[in-house]
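Each structure below appears as structure tokens.
Across the two complexes that follow, chain A remains constant while its partner is chain B and subsequently chain C.
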Partner chain A sequence: MAPSVATPPPERPQAAPPQGKAPTKAVEGSSTWSMLDRIGLAFCWALGLLFCAIAVAIVVYLFLQGVKFLKLDQLTTPAATGFSETETGGFSDALIGTIIVAVMGISLALPVGIAIAVWLVEYGRPAPLARVTELTIEAIAGIPSIVLALFGTVIFSSTALGFLSRSNEGVVFGRSFFAAAAMLSLVALPLVVASTRQGLESIPRHVREASYAVGKTKAATIRRILLPTARPQVATGMILGLGRIIGDTAIILVLLGATQNFAPVEGAVFPFDYLRGAGTTLTNFVYEASPTGNLNQPQKAYAAAFVLLLMVLGLNAAADLVHRRARKAGTWSH
Partner chain B sequence: MEEELQPEYGPKWSDQRVERMLGALVIFVVGLLLAMIAVVLIRAWPSFAHNGLAWFGPGGDVDDELNAISLSGQNGTEYVWTFHAWPLIWSTILITGGAVICGLVSALFVSVFIVEFAPTWMSNVLQPVVRFLASVPSVIYGLLGVLVLVPFIGNQLITEPQKASVAGVISLTGYSLLAAVLVLTVMIAPLMVSIFTDGLRAVKPGWVEGSLALGVNRWRTTWKIAVRAARPAIVAGTVLAVARAIGESVMLAMLSGSVGFAPNPADGLIFIYEPSRPLAPTIVKNVDQLSSKPANATLFAIAAVLLFSAAFCSFAGWMARRAMRKYGAA
Partner chain C sequence: MEPLSAPPPIRRLDPQDPIPAREVVLGVPTNGNGAAGAPAAGGFTAAKRSIAAPQFSIRRMEVDKVSIHYGAKEAVKGVSLPIRQGEVLALIGPSGCGKTTLLRSLNRLTELTAAARLTGSIRLDDVDIRLIEPTLLRRRVTMVFQQPNPFPMSVFDNIAYVLREQGSRRTKKKVLAPQVHSALQRAGLFEEVKDNLDHPALKLSGGQQQRLCIARALAAEPEVLLLDEPCSALDPQSTAVIEDLIVKLRDDVAVVIVTHNLQQAYRIADHVAFMYLGDLVEYNSATRLFNAPAQERTREYVSGAFG
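Moving on to the complex of A and B:
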């Protein structure tokens, strides 16, 4: 892809006759710069190429390892106990767990995030509360996810919320898909808010005024005009949030469980027995299967990491697609 | 159009009501954050109260102290509280500091490159690359670090005499400050690049053009005018990266070596090969002990320190970004 040597951009001949070939660039080349400036530019190129090289190395390396170690039956068999990597099954529970957590987390973060963004842009009164809200969203974005996870143990181990996880003789276990998804939605929330807000703010004022002028209420304007217009940004926020949710490990480790299988709660109705029980996700599986984890099955860790990377790449591609479509459709945003 | 004739947004969805409902939700989220701060502080209080300021100081082996604390909670004997977190704090400072310095330098050059100097095809490649690097889950960075970088450092970079020279104190296996800092740099630099490029793009073109018109070359103009004008963005990006680095737990739990040891720069360059364990991975590694009451308080105390450092960084970043908005940027 990129040239292998870090060379400065093509230099223009210094004494080019003006009537000769037209200058290719409207800006000056680096030929007239002092040595130090040119070294700096070369450094820029080197770092830029290094970034590309790291990204390519991650993708190519994981791809090679994934192709080598990923067996299709790993995607359909749950983990089992055994002594060698051939006996321990696959990671289907982890794969399903990732999807469950992503769906639950985003379906909580999306409405709340949109509502907060709408309030911030369209209402935002009283002003001090708006400042405090902005700051709160920034703070939630900055809080380490391990702290969110510990907070989650306090909330979901309370007896009042015992119905959301396994409880035994009054002691609430506090680990469940509900607990993990609720805390993970906080991880995704700031991204949804920021993106939706950007979308709403880029809609010109006259659009709202036109809507009011034909007699729509503010609520109807938001619902029928503003949110549909900001849909690409909402989608972008959702995709970014999903990426953050499926990539998080700390919250899963603390709030979902140390097992590699689903542990449904007995006696509950179908979806809830699984959702109330402990489980696992791909990130948790990779963590435990790495040499520093409890399982130590590096081959399977590579396979699971490859699947996880494919999901992340897919989400990135989706975000790009949404972005490009929105641009082409010629909304006010860009 | 028909629905506009129906009172769809009548009394049930009147503006006042919608505003009140949204306001209530906003207050709920703000309240949730306050509740979180309160809960973490209340849970952490016993640990701070028993240790006083010595909590942050050095003394004893942290891992032994943590073991004693969690054992005392399980055995039902009198609770042990003694905890001196300095090695963990020092490790956090070293790793975060190292990664943020490396990340700041590389992110600054890369974002200047993307905005100003790269040919179009190159910046079209670099932008998705940066976005991709920012979105790779930390556990994948950790896995690659453990299986690729750590063996490389342990087998190729650290020499036998170096291993022998510290053999009595600590064993050098490749799980090291160096590995942690390198991988953390790759994780936080993209975050900085995205904020820096936003700031650089928002610099008023007139300022740059003025400098160019005076005959200053593009390189110097960029660094003297554009980068300086984008300073709020650079501050904002840096503090957000600091917050991310402080809170990074899983990748560091895998790469830092997980030993409660404080590498000493005074020992010479060998300290970058020494293992340690920052604050956040300590919580991850001891999460099974949450049921032991004194261990629970100690872990929440660590969480409180993380929460406050991160909250401080977010606040600083927010202030910097507000300043940016005032200047018409961002």
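Moving on to the complex of A and C:
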């Protein structure tokens, strides 16, 4: 019970206000921390600044080099064989190749990834099957892409899949945009699954039940409530996946043929002639144009790398936009 | 399924169910002195009943010896009680006594918990609810949750979602507008939101969100409305608005409300069920349960809570 007469609280020793400048606000300062904590704090600051500096340096350097060396006609002229810088053309085939593998890869990974995530979070039964699915996705995430590429050559060189690449007298070449995109979608898949799952799991259970409690089916709830709510996370997964696809070199080298230009299959209908044929991407072009590559024209490597950087920055901006719009719609209070 | 025309509620008078006597009423001053005529046995004078006695009461649902297990744990132990239209039924009891579990079993939401097992039977208009397809049942028996949980879309779409056929988005806004407006009106929210129905629902205040959830539950034209501590996250003013609303609704739908707020139960309920550790200890009219409880346990709980 509270006493009927309130006794005044005991006097607390008051710290004398510092002389001179009147304090405007009392804040916690690290001067009260232990030595170890202070060293830790300093260390964190130093590391943080260091990494920021490195990141900024890379971006600024690429930007400056890119602006200096990128010429717009490089984006529209394909690479060519030649002896001087002016004769070897640009990298339009590589740019288009990157866009093709990105679009094809993500259009495989996105629906499959979303479906897997929805099944894992909303159904997940029988439990052992869900566990196996989870482990498989984790395993795929852990496999280096060069190993995936090797595995891809086995699959796509089989006679049954000859229609997906070039074949010559019964020998299947096994390298094409189809083959590369299929394996690249596996690279993106775990990222889409993980991100979508996270989005679905962050929706409180009672929100699902509120939909069921007005007579909605599970399918309607998933389509109209859960997936739209998880859209920002799906977008994040998609962008991370696209970034991995765009940045991959191993699969391009092994499964796309890494030719200098498109190598369409004669006699096939457009666009399948191109998609069944070999090709190249920007990452591969950067490698070829770097001092270690056959082309050895570092200036073009910088130009292509700059384009790659712009693409990735554009994707990040898009993801940011989706998140910002979702934040405007609000969220549940906990 | 016909989404836009839910079956009209079947309103039958149950001859075995006498209309409660007028003397139940406390809030209507009969001798200019309010609750003076009520027995003061329980010492329950803190709050006055603010509503008139029900005009009628029709038995809609029947909970019959229902037990619910979560694995080995028995959360509800052989509970039987009627749920009537024209009345508000309040479920009270200490935390963990099975109120939510019982409430959720009324529209088969407990089935979503894999470990839950139900024995006994629950009937809606004499039909065992296990025989009613769950999505149809849940349109007839809708529920409002403790946490305000509007869907992350506009105010209008929250209601429209309920009115439209399952996953469809086809029905035009213009066609749905009258029904959406009427649902919002019934939930007492229309005046506040009519100018910006496209406003994101999650940006409304907590009290408005909860009324939107009630509007959503009403849009399905239910026959029974379940409310699980609908005011626990709200301020007193929003609570008062929602209490008024619940009382207004009782003629059209049977209302079951779980509450920890005994004052609230006393203010708005006509019958009260007191549960303790899964048992239904006492089912009685609100006046009797609070002022002259039949069970010692009830007396302890009711008086303990009021000092």
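Rule of thumb we're sticking to: the second predicted complex is superposed on the first by the 294 of 334 C-alpha atoms of A that agree within 3 Å, B and C clash if a C-alpha of one lies under 4 Å from a C-alpha of the other, contacts with A are read in each partner's own complex, and residues count from 1 in each chain.
One rule holds for everything that comes next: a contact is a pair of C-beta atoms (placed from the backbone, for glycine too) under 8 Å apart; a residue touches a chain by one contact, two chains touch by 3 or more.
The shown structure was predicted, so the numbers you read here are calculated from the model rather than taken from an experiment.
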| message | If we overlay the two complexes on their shared chain A, which of chain B and chain C does A:136 touch? Say first, second, both or neither. | response | first
| Is A:323 in contact with chain B, with chain C, with both, or with neither (first, second, both, neither)? | neither
| task | Mind working out whether A:48 is in touch with chain B, chain C, both or neither, as first, second, both or neither? | result | first
| task | Have a look at where A:119 lands relative to chain B and chain C in the superposition and call it first, second, both or neither. | result | first
| task | Count the residues of chain A touched by chain B and by chain C, then name the partner with the higher count. | result | B
| task | Based on the superposed arrangement, let me know which partner A:249 touches: chain B (first), chain C (second), both, or neither? | result | first
| task | Could you tell me if A:213 is touching chain B, chain C, both of them or neither one (first, second, both, neither)? | result | second
| query | Which parts of chain A are in contact with chain B and also with chain C? | reply | 215-217, 219-220, 223
| message | Under the definition above, what is the set of chain C residues touching chain A in their complex? | response | 107, 109, 112, 134-139, 142-143, 145-149, 151-153, 161-162, 166-167, 169, 200-203, 206, 213, 216-217, 219-220, 226, 233
| Residue numbers on chain A that touch chain C, as the complex places them | 204, 206-207, 209-217, 219-220, 223-225, 228-229, 326, 328-334
| request: Provide the residue numbers of chain A that touch chain B in the complex, in ascending order. | output: 1-2, 9, 27-28, 30, 32-33, 37, 40-41, 43-45, 47-48, 50-52, 54-55, 58, 61-62, 112, 115-116, 118-120, 123, 125, 129, 132-148, 150-151, 153-154, 186, 189, 215-220, 222-223, 240, 243, 246-250, 253-254, 258, 283, 286-287, 290-292, 298, 301-302, 305, 308-309, 312-313, 315-316, 319-320
| field | Contact set on chain B toward chain A in their complex | value | 4, 8-9, 13-15, 18-19, 22-23, 25-27, 29-30, 32-33, 36, 39-40, 43, 106, 109-110, 112-114, 117-119, 122, 125-126, 128-133, 135-140, 142-144, 146-148, 186, 189-190, 217-220, 240, 243-244, 246-250, 253-254, 258, 280, 283-284, 287-288, 290, 299-300, 303, 306-307, 310-311, 313-315, 317-318
